[in-house]
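Heads up, the next two complexes both have subunit A, just with different partners, subunit B and then subunit C.
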Partner chain A sequence: MFPTMTAPTAPARRPILQLVGVRKSFGGFHAVQGIDLDVREGEFLTIVGPSGSGKTTLLRMLAGMDSPSEGNITLHGERINDVPPNKRPTCLVFQSLALFPHKSVGENIAFPLKVKGVDAAARKARALELMAIVRLPETYHDKNVMKCSGGERQRVALARALAYDPEVLFFDEPLSAIDYKLKKTLEKELKDLHRETGKTFIYITHSLEEAMVMSDRIGVMRAGKLVQVGTPEEIYGAPVDRFVCEFVGEVNSIEVTRGADGGWSGVDVSGAFKVQPPQGIAEAGAPDRAFIVIRPEYMRVLGPGESADNRVEGVVYNEYSLGSRIQYQVRVNARDGGEKVMLVELSRARALPAGAEPRVTLGWDATDAFTLRG
Partner chain B sequence: MADLTIVQHAEAPREERPARRLSAGALCALPVIGLLALGFAAPLVAILGYSVATPRSFDVFRSFTLENFAALFDPTNTVWLSFLWSCGFALLTVALLAVIAYPIAYGLNRVFGRASAFISVLFVFPLFVSENVRLYGWVLFYIKNGVLDGTLKWLGLNGGPEVLYTPGITLFGMLYTYLPFMLFPMTLGLALVPRDLVDAARDLGAGRLFIWREIELPLAMPGILIGMLLTFVLAIGATAEAKILGGQSIIVISHDIEIAFTYSQNWPAGSALAVLVTFFIGALTLFALSKLDLDRMLGRR
Partner chain C sequence: MTHRRTHALIWIWTLFVVAVVYLPIACGALASFNKSRYFGFPVKAYATDWWEKTLDSIEIGMIVRNSILIALLVTVLSVLIATFGALAFARYDWKGRRLYQKLIMLPIFFPQPVLGLAMLLGFSAVGIQTSWMTAVFAHLVWVVPVVTLVIAIQVYGFDPSLEEAAIDLGCSRLQVLREVTLPLLWPGIWSGMLFAFLLSWSNFPLSLYTAGADSTIPKWLYAKMVAGYTPMVPALGTMATLGAAALLLTGGLVGILVRRRTAS
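This part shows the complex of A and B:
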């Protein structure tokens, strides 16, 4: 069977889970405000957003612990709005993991099998199989689950969810309380596991870094709405608005207005700029406002004779090592006599020499920046 | 070199200090130790002394005999019957209260919401009134021409059932008196069951009954067992219910002890019985506590 191995590169598949106009209100508070989303079978979809953006509420509705106030959730085309969680072929890995403290590792993992009435010997055999899949040693079968370390508990929770054999697995920030190094390991293991099992994973996190590492697609949520859904490359390279753009990473932004002649000039930084027309803004028409957004790694320090579509003069006043890259903070003159800080990231090989003249010229080509609506 | 001498000088007196003076902790504990010795240990020692004194005498600490204990095991003595009544009623009280208190405890945790605090107070409130006063209240309620009987007659009905002064009403009195002692440890036990464990079990396909059996009950067990133990120990020593409501239709063991000390003026006999009962309940409690491994049940070990 090839499909599991080809999963990540396979073309768009039929949707397994569909959300149409899903809303959820608690009293006067609208936690989720109209979400339309098709989850494709076998994909790793991550919903990312700041705390309070409604992502946990969305997940609770998908898992069946809450039902939507409005809209429909369908699984394989069947409406499941009011199907209780124990009747859904879905399983949630809780943020707290929710392991049963009075049961051993093996008993925890085999819990869904016990529910189904599988006999003890078969339960143990399956538990050991799953433990091998999540890389837990066999000797852990009878270990008290509360004696396990944080990373081991993650694996137990994952194995328990897999024992239920769900079609869709949900994850509610299970890695948020794990130290950085272990988190990186577990992220990659989870990604491997996704490929090996071929199941649909829906992951919730506030960390875009986590989302970027693991996901086939990312949905960015803000204030109860899905702002953008796309591959990590799309989210990074073509964010739909400033929120997504800034959520994805540090950016330089320059506010610009379009003059009567059709050219763009800076509002906060003086100068005329060559700009790619922003999406959704008509070329002709009344003067418009927009933001030019340049990621620090696309910003260049221009040497003598080098040219770029746009250039800004500034003074380097700070530098940070980011490991293989170095970030410079450059103060540029803002229009109203104030100052504005721009960020430039250079690889270590192209770093500015020590003791170099702090006065620099920054430059970027119009195609390296994107323009967002003001 | 200079540093070293300073250190030695500084440390030497500090080491001697505990030998000469009590630590602050021991000093603070002194009043409590005194109070316990006087108020808790002294009566027990006196009872122990009396239990081996010459029967029908006050020769405490001056005589030694095991006659009092021998008399308890005499086949003609009826204390074993009282003891059985006490044990049986205590067990019955525990069993019935477990069934009665569980739904209330569940409600206080999961159903009543904001009303929980108020409902808890309602259950605690009777404890502010003396037990005897409350039991006499029930007598007034059930007595012939009392609250129940009188009201029913006034309504032109047949009048209330004649339940007063029966073993049944004794049991009712015990259930009424000891409900809070079962309810609150149980409520606490149920509160220890994390909500997301129940959600997780449900998400993994389990139904209500399965979740209750596999998750809720085992995790609430420490609280439930403590409630049961507390209720049993209190109920086995109960006497007012049998006397006031039961009208001595059954004689409980504490009543026998009381009679020995008061009516028969046989302190050594009463003491021997008290020692025996204390020993029995103590052994039972220790046995139960040794079996009841709280840490393991809470998953800490």
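This part shows the complex of A and C:
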């Protein structure tokens, strides 16, 4: 009756869900503006984006609660645009979790089985099995679900979704209201569960940190469009534009133009910079604009005699502890006479000594920075 | 010291309010135990004669049956209409909802004698003979809005994603209603039922105009006060009040017991 959960042997990488030109408009508002995406069977895909980027609308279309205004969604090659949620082999874990307050933990978990007409004894057996999988004690079976803690409720919601035995599980920011430490634990558990069940997980969040920890692939959304899809390493290491780059974390950016001689010079910070040419900007030809982006952890404080491809002088005026690392805010002179703040992150072992001279020289090599089109 | 004085003041005020509200009811009860046929205080001799006569009266038996029948029908029909009406009122977004929200509330604020008269005129205009059945209709016009409001309050406290989750987990529309919507609306429906029964049970102006030759308890009490007073009037009045109080008490207890059972 129930499929057993076995660890998948090398997950098949064929697409399970395909989106082609999916759009969704509400009146004149275009929430989702043309999305093409192949979701591979068994992968953990996270869609990340700021609020209002259309990620929840996208998820609701995948789950069948809304249908696309245009485009197609196919599951195993079959068009499912207008298939209602109760006829789809998919299940959504809601942001609010949507646990039934008038049912016990066990009744909540066994709910999809009751709907299918499974008898009470089999329902209870399966509920207990699922409770073990999500690490809920057996004694919770008859507990009022409203008396459970936040983390326990997460587990009940997860077990209930698994009881439906969906091929694809959707998550709409279920961890957003959980405190940091518990969130870290639940993220790891979810990742383990993904591996153990071998099911396809599609997760939505505004927190890139969450996405980085759990996902096989991440899709970054902005204003109804998927800006970039890739592994966490690709998103972090090779962002396609400034939006993705800044979304992924705090960055230093310097606007540069290319002179007639082919060299790059700063627009907002004076100086000549050695850069890796951005993709799509011709090696020779008319001057062009670009941004150099340096992550704070790649920025160095140069000691006497140390060299780097690029250097900027500045004054340290603030420091923050980030736990194992320290972030320094450094004022550098901007070209228009104002000041620009650059961020430098150093490990504690390399921290600037207390009472050190606040004048520093920042440096980075061209290979440690990205160059993005202006 | 000041704390004790405030405490004493609160007590005195509370007792005063309770006395003002309940003393007239007690007076009615006292008048019904008067041995004499005529109304007068202080009561010279007490007896339960008029209570016995009231309980034995065939006429009063019929009137009580009318009142119960009307109230029961009003309860069932109004809760049916109001439950779905409340979902339309508070849960679903549809064109014209705001207008509906205002229109459905209006009958509560119409003066009931005017509403009753209007309906009497309406019934005779279309040639319907007034009876207890037309009184049921008239009560519904006034009770449905109240019950809709009572149930709508429950609907507002209901997370709409619960129904979506139920569908997502495989439920049909009917299963959602049975497994999620109705159980969660149950406290509101239960209070709505009590409201409906009691509002119909005690309604006088609408029954006066629209019940035709059939009488209800309030209508009979009024008629006998106008002409033919006996202590059966306060006796039946007291019985009706006690009946309503008992119903309310039972309703409250059932509510508490059900909540306790689901909570454990």
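Note that in this section the second predicted complex is superposed on the first by the 362 of 374 C-alpha atoms of A that agree within 3 Å, B and C clash if a C-alpha of one lies under 4 Å from a C-alpha of the other, contacts with A are read in each partner's own complex, and residues count from 1 in each chain.
Everything below uses one rule, namely that a residue touches a chain if its C-beta (ideal position, glycine included) is under 8 Å from a C-beta of that chain, and two chains touch if they have at least 3 such contacts.
These numbers were taken from a predicted model, which means no experiment stands behind them.
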Fit or clash between subunit C and subunit B when superposed on subunit A: clash
Which superposed partner A:350 touches (first subunit B, second subunit C, both, neither): neither
First (subunit B), second (subunit C), both or neither touched by A:84: both
Touched partner set for A:76, first subunit B, second subunit C, both or neither: neither
Touched partner set for A:188, first subunit B, second subunit C, both or neither: neither
Touched partner set for A:145, first subunit B, second subunit C, both or neither: first
Touching partner for A:65 - first (subunit B), second (subunit C), both, neither: both
Doubly contacted residues of subunit A, that is, touched by subunit B and again by subunit C: 63-65, 84-86, 90-92, 94, 96, 98, 100-102, 111-112, 114-116, 144, 160-161, 164
Of subunit A, residues touching subunit B in the complex: 63-65, 84-86, 90-92, 94, 96, 98, 100-102, 111-112, 114-116, 144-147, 160-161, 163-164
Residue ranges of subunit C touching subunit A (in the complex, touch as defined): 159, 161-162, 164-172, 175, 179-180, 183-184, 262-264
Interface residues, subunit B side, partner subunit A - complex: 194, 196-197, 199-207, 210, 214-215, 218-219, 297-301
Of all residues in subunit A, those that touch subunit C in their complex: 63-65, 84-86, 90-92, 94-96, 98, 100-102, 111-112, 114-116, 144, 160-161, 164
